[in-house]
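So, here's a batch of structures to check.
Shared between the two complexes below is chain A, which has chain B as its partner in the first and chain C in the second.
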Partner chain A sequence: MSEKKQQVTRRQFLNYTLTGVGGFMAAGMLIPMLRMAVDPVLQESGAGDMVNVGLSVDDITDEPQRVDWNVEQVDGWHESEVNQTAWVFTDENGDIQAFSPICTHLGCFVSWEGSDDHPNEFFCPCHDGRYYKDGTNVPGTPPLAPLDVYEHEVRDGMLFLGQAKSRGEA
Partner chain B sequence: MLQKIYDWIDDRVDITPIWRDIADHEVPEHVNPAHHFSAFVYCFGGLTFFVVVIQILSGMFLTMYYVPDIENAWRSVHYLQTEVAHGQIVRGMHHWGASVVVVMLLLHTLRVFFQGAYKKPRELNWMVGVLLFFVILGLGFTGYLLPWDNKAFFATQVGLEIAQQVPFIGEELKTLLAGDPNIVGAQTLTRFFAIHVFFLPAALFALLAVHFILIRRQGISGPL
Partner chain C sequence: MKWKKEDLNQYVQAKEYIDTVIIPLIPFQFTDEQNIEKNAFQSEVLSILTNEIEKELTGRVMLIPNYYYIKSSDLDDESTILRGWTEEIKKQPFKHVFFLTFDSGWKKREGKLDGTLLWLPGVKSGDLHSAEMHTVIKDQVEQIGELIRSYW
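And now, the complex of A and B:
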């Protein structure tokens, strides 16, 4: 072996090889573990099925009414029935609106005309949070964002609701 | 008898220098409360470690009864708290100890800060200490959910919403912690249990080892 042409020494070659093989072995061990840990993040968000909430479109008025329905909630291996609520009405254009009753301040339950002092508004009893009829928060009250809006759909004259989304994404 | 066992082992593996190196050190006068009573401030680090040891031991025993499952978590805690002899004491130690660790940790941090003991060459140990602080807070946060009562559930809900506020990766971070983008449920509880009982303690042990080795290498900072 001529010394001049030898660009990689035996020692270096062994070091590289062992580091490489060791790296592959470590990666082979760690990748399945990490992939398992991040699985919930990478899972397709199950595009929420629309659920019949048992309200005929003919019964929707311009006065917000409370609608309760159940959805099948799948939490990994645990399945349960979860109650959901929406405030449903038609706006001045005749379009159906379905608002989430969850206060965007700290998550309490918002009611239509929940306070006698504030007619024609949604009201949250926890910190006197208020929203106009179109769901936007009244400036100067605790909530900093409008009420979330449910995706809705009308099939065969019945109201179907999907997932509540904040107005930013909706 | 014990001496004989010790000699027999020492004869073969020469353990005397090992424990001497770990345990046989003179306490400098300025950190000895027997000389200057005000030196008690130097005890907070050791007290933090002492309470951490209590947390580890009591936690190990709690897992003999605890089940990280949403159907049974609360019931198992209720059972060990009400039916098991001394269960109330052991869970009490873990429950109150969690707060005591944070208090001692803060006192230790304040001492190091106001004495300027973090200055060169000890900056690295200050950084390790800050990481330890985060690990302890993480242990407190994840442990809070485990009893699976209303307080635990909603505190975690709030904590996860805080995590969600992190710029750019907030949503993913929340999902990674909770195991589901929308639900605080079965997967959240198992995740928090795993983080509380395996991941964070592993990080804690590693960081504590570095923390203590650095103290040994650099010695305690001199008197003010």
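And now, the complex of A and C:
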């Protein structure tokens, strides 16, 4: 009798512990899911993070110059420093422009005056893609959209850049 | 582009634009303890180099998965296997094949490879994260990129 009773207790005990473990597992699964659901909301405020790219506004001229900086990026499996680049200059209105160097055709690196044959333009070496100084793609060359534009901000005379935004097809 | 799902999705739709292939040739060997660190280091550097080149020229270049082989193996045999690779690759509209390596052994077998061998005199050691190494790698990337473009 006492033995039987003990067995029941053991079973109960197991039941309790297993429910406990199951609860933990469920929580373990649910919490990341919750986070995923909530994260985008949280990120919204962080997405506009502007980074000081180490360029003084006084050094920006009407000649596009290459600016490199690093940002932390976490993409699930890796946490890494990613190199970012922009072409920065002031346009004819004196406004600061910061273009992404990523070709809108298939993603090669676009350079200001990258080809001697096409002065005063951005040039993509991969398939001779071209963009005017204002970033618009030259019709008849492979890219179908203008270069992306970085959000920018000036704080204490230093240039801060954010996300590169597409300008859509043109 | 790389041997990655998203890239290949794009590749299949834009094949005619991607006409260049890069195949990194990387030796490894555990028995040669004297050179084990050097070999590993060069393998790391080569991966960084090829990744950077791919990044600059991604719209026209496909970076093939690394070709690893035992350092002491007969490179004639290895080149036979590599001919199989290039045969397979050339079924696609790829026009240019570049082999990138730090292993000077390939220099003598250049003729046996169906493509252009770019043998880079090796960096032997150093700190991958140091500023000097960054400059060295950036320079190399620029020069190799220019060389590849000269074939286009």
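One rule holds in what follows: the second predicted complex is superposed on the first by the 117 of 170 C-alpha atoms of A that agree within 3 Å, B and C clash if a C-alpha of one lies under 4 Å from a C-alpha of the other, contacts with A are read in each partner's own complex, and residues count from 1 in each chain.
Criterion: contacts are C-beta pairs under 8 Å (C-beta built on N, C-alpha and C of every residue); 3 or more make two chains touch, one makes a residue touch a chain.
Note that the structure is predicted; figures quoted are calculated from it, not measured.
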First (chain B), second (chain C), both or neither touched by A:H78: first
Touched partner set for A:C108, first chain B, second chain C, both or neither: second
A:C126 touches, of chain B and chain C: first, second, both or neither? second
Chain A positions touched by chain B in one structure and by chain C in the second: 107
Chain A-facing residues of chain C, complex: 10, 14, 17-18, 55-60, 149, 152
Chain B partner contacts - residues on chain A that touch it in the complex: 37-38, 40-41, 45, 73, 75-78, 107
Chain C-facing residues of chain A, complex: 103, 105-109, 124-127, 142
Residue ranges of chain B touching chain A (in the complex, touch as defined): 70, 157, 172, 175-176, 178-181, 183, 185-187
